[in-house]
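Letters A, B and C mark the chains in the order given here, with residues in each chain numbered from 1 onward.
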Amino acid sequence: MLKLVDLDVAYGGLHALTGVSLEVAEGEFVTIVGPNGAGKTTLMKAIGGGVPLAAGRVEYRDRDIGGLPSHARAHLGIAHVPEGRKVFASLNVLENLEMGSYRAEAKRRRAGGLETVFALFPILRERRQQLAGSLSGGEQQMLALGRGIMAQPDLLLLDEPSQGLGPRIVEGIFEAIAAIRRSRPITILLVEQRVVEALELCDRGYVLETGRVALSGDRETLLADPRVQHAYLGT
Amino acid sequence: MVGARASRLAGLVPIGLVVLLGLVLTLVLGERHHHRILTLVFVWATMGLAWNIISGYAGQTSFGHQAFFGIGAYVTVLLVVGVRLTPWLGLIAGTLAAVVAAVLIGFPTFRLAGIYFALATLAYPLILRIVMDFLGYQEVAIPMVRDRPTLFMQFKDPRAYDVLALAALGGTLLLSHWIEGSRLGYALRALKENEAAAEAAGVDTFRAKMTAYMLSAAPAAVIGAIYAHAILFVVTPDAVFGTLVIVQTLVVCLVGGVGSKWGPVLGAAIMVPMSEILDATVGDRLPGIQGVVYGSALVLMILFAPEGIYWRLRAFRPSRAVDTPTESAPAAIMAGAAGRSPGAPGTALLDVRGVSKAFLGLHALEDVSFTVHAREILGVIGPNGAGKTTLFNVLNGFLSPDAGEVRYRDEPITGLRPNAICRRGVARTFQVVRTFPQLTVLENVLVGAFVHEPALAAARARALAALAAVGLRSRVDALPGGLTTLDLRLMELARALATGPDLILLDEPLAGLSRDGVDAMMALVRRVRDAGVSVVIIEHTMYAVVQLVDRLVVLDHGRRVAEGAPNDVVRDPAVIEAYLGNKWLGRVAGLPT
Amino acid sequence: MSVGDLLQYLVTGLLVGGVYALMSIGLGLIFGVMRVVNFAQGDFMMLGMYLTYFLATGYGVDPLLGAVVIIPPFFLLGLGVHRALLVRVTGGGDPQRLMDAQLILTLGLSLIITNATTMLLTPMPRGIKTAYATQAFVVGPVLLNQARSYAFLMALLLAGAVYLFLTRTDLGKALRAAADEPEAAGYQGIDVRAMHGLAFGIGIALVAAAGGLLATYHPIEPTVAVNFIVLMFVAVVVGGLGSIPGAFAGGLMIGLVQSLTLLVLPFQLQNVGVFIAFLLVLYLRPQGLFGQRLRAV
């Protein structure tokens, strides 16, 4: 469904990605882990449309989407939950979720979408009139996830959902992601710094290091591979 | 770029030529209204030059410069009317008044960011206009003086007014020329391009801005007074505080080129005659034609050539030959400021005690303490969001901690501005290289060199030595835009070295570098340490950090979770947990060696 | 001075403030969504006044209705100006340079509009004669000029319509989302550039409508913008750059400040109170009463 071919991206004057190739098949859950500075977020931005490509292709359903602006990619069924959550601070929870279902196919199923999100995150139902800017970090992450689900996406991109959150909240977030996966035939690409939680959820994974794919394999293989630690700590 | 003294004097020649041209035109032109146009060209060129000092060089776009113009006009004229003081002396009073106004306005206003600054400057001429109206000065006519009219700046011959305005123009050109080649000029251009980097390189940005503002108010006041006597004869608030004044100033600078002393001259030479002639010929049938012309000029320039004609033309010029002065300083790294010796290894240089910092409830740093010793390389590592860059921002003064203190050479530096901390000996580079894009590599480093060498020549030598030390000697005249990532980082390091530090904070200097680049940078950092400068380095490239540093400090969620020798720290379970999550250790049987 | 007098000043200030509020919402919307300070805002208002005038004298359309009728053409004008000019200004990637560049562009636009109007329509002031411009409602000790009262009510209505648009429709929420987080808005499928055009169009339409309302009691001339553009700026800053309700509240407050200043200062210094309030807010609380901290400033 999603194919990155030989991607080269320069970001902020630096070579963030060099020759990155990876694939996500329809229905798969793929995780990309790697230390900070490995290029994970740049990768997500390249898929979502936030950075120009220096070389290589991004293909979605066999179609080259490299030239499409990010709002056009959203209409293709790609939902991007960005790093740092980026909820719409001056809109309330309900409005944020409504914006998640901005595109036509999602808008038609808005009511159902809201029910799904509230079932997954009951606290959002409680706080639905509250301004998103006043929510806690964990609640904002739930909202961002909910906003992504509201788009009724075919491909869900999750960019470092654990960032800046305490360990207990992170567990809750990962449980929610697992629940999303169980409940519907959705393709998920997760980018994370926390290795084990992220790898445990996936079918296959990649390890990114200084802008290159260092390791790849299925879940069990990667979880047992000590080279993963090497990518993080150099030993 | 200005070179040796000879080159600075050579820069005066074009000024002389322009003044000469002005004189020639003064003598050659016949009709009275031609002289009026010529005077106006000189007036608006001077006003544009004045505005250029604060808005062009320093980049603080002011929409209120007409306040000084009007103050100069009113003070001079009111002194004539009130106490019959000759305007030749009244000029001085007017200029002083304008400079005082600049201080009063600048003090609170420079604290404001970008758009707020522009809006605030807008308010002052409006207030002055209303106040003058109210005080009864709606129309102050300059009284005709019969005996000794020249003493009151009243001339029968219109050429005299031309010469007067030309003199003001010449003086302002000289002032601009002086600024461009001075320490202040570099400070202004640096803070315009990147204020944070300028601060970190030791530039007292507030003082530089205030000085520039005062220097820009003076010529505005002078030319305002001349304008009143040469053109207006009757001073009204609208004529000197009104919008048309700032519009003409803006047009002249935008068309000609902002940030250069020739821009306003060019812009005035083109726009003023055009609009005056249009007004004279069709102004009756088409009232407002001047406004349409000026408005169109602004729109067209901002759309198609926002940098102005001067810079557009400059781009076509072949670059000047590189003048390479003889290398006097050996390629050694300057260590410490004059007189200070680096401490013996082991003595404490930087003491961080209990530093905490929170943003909107998020604890970025919590009770962080550690010590940096002389002649050591200390690494600061930690997962994303651990607070490392926040720590640096506290250490070098961009942030004040909520609790705790930082001591340098046993003196508290908490809460000092970054430029003050830099002067004491703490330098810094940034995660994303912060260059001054319009300055050459040498000029970028020069900004830092001025910290301990106020004189241009000595600062230049120091900058060259720093560049030689990092291996960039051959690129001194290049612009940052054409440099590789490695060269950019080397340039930033050279700028830091040029400030004569005992301690350098390096924020992710290896990011984006190839294997070779990483090796080169690491070798350089070691040389810096060996020359007596301590280094604190934030990095993610673990294999490099482990080889490079003497000690490691690990931050996670704002707290210090480990400290010690690199090999011990990376095996510390707390550190592994911080990076890979607490489930990792349970999963992987045994730790690799 | 009696309570009745004080009430009179308050009420007059409020009535006038209502129209200022409508003007300011347009400016505030444009700034909140696009981070553009539109110097030409007052000039579009002036054009709105003229169009309303021509509708009144040529077709007998009452200006209160005319103010609403001119909304669609001015909306399209705003869209056009955005597409033709504003999107071409880039500032080279630096947000500060971009703001400066847009300021200068709109300043140039303002000059062109004002002076072209002077050229084509002459500086002669015109006025719309309506029956209610010279009559007043009497409420207790207070006299409410009818034209100003109707204008105030219409302004409230229009502001209310904008409010409903922004809070009840998907498009309005998308506008606010694009203002908060342009990157994330794009990810939801919101075309941020189109949102900018929409905001500009609405902003121009609103200020033109405010002009139409103003024309019921204020003389119409090409330079009328000058008196109001600064008031608009002050209102938006006092209310808080980036906040629509703030702009509304700011407009009301400026009307009040202007009116109450007359209690202590003579008529000529009426606006000095406004400017001093402006400076105080800028220095002491730049984000205004309701504003959020700005991102790219």
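Here is the rule we use: a contact is a pair of C-beta atoms (placed from the backbone, for glycine too) under 8 Å apart; a residue touches a chain by one contact, two chains touch by 3 or more.
What you see is a predicted model; the values in this text were computed from it and never measured.
**Q** Work through the pairs of chains, note which ones touch, and then classify the graph as line, ring, star, complete or other.
**A** Shape of the chain contacts: complete, all pairs touching.
**Q** Relative to the centroid of every protein C-alpha atom displayed, which chain's own C-alpha centroid is closest?
**A** Chain nearest the centroid of all protein C-alpha atoms: B.
**Q** Based only on mean CA positions, could you tell me how far chain B sits from chain C in angstrom?
**A** Each chain reduced to its C-alpha mean, chain B and chain C end up 35 Å apart.
**Q** When the centre of a chain is set as the mean of its C-alpha atoms, what distance in Å lies between chain A and chain C?
**A** Result: the chain centres lie 42 Å from each other.
**Q** What residues of chain A sit close enough to touch chain B in their complex?
**A** 12-16, 35-37, 137, 160, 163-164, 166-167, 193-197, 200, 210, 223-224, 226, 228-230, 232-235
**Q** Under the touch definition given earlier, write down the residues of chain A that touch chain C in their complex.
**A** So the residues of chain A in touch with chain C come to 48-50, 69-71, 74-75, 79-82, 86-91, 95-96, 98-100, 102-103, 107, 147, 151.
**Q** Along chain B, where are the residues that touch chain C in the complex?
**A** Contact set of chain B toward chain C: 61, 108-109, 111-116, 118-120, 122-123, 126-127, 130-131, 133-134, 243, 247, 250, 254, 286-292, 294-299, 302-303, 306.
**Q** Note which residues of chain C are touching chain B in the complex, please.
**A** 37, 85, 88-89, 96, 99-101, 103-105, 107-119, 122-123, 222, 226, 230, 233, 237, 241, 266, 268-269, 271-272, 275-276, 278-279, 282-283, 286, 294, 297
**Q** Provide the residue numbers of chain B that touch chain A in the complex, in ascending order.
**A** Listed in rising order, the residues of chain B that touch chain A are 362, 383-385, 432-433, 485, 488, 508, 511-512, 540-546, 557, 570-571, 575-576, 579-584, 587-588, 592-593.
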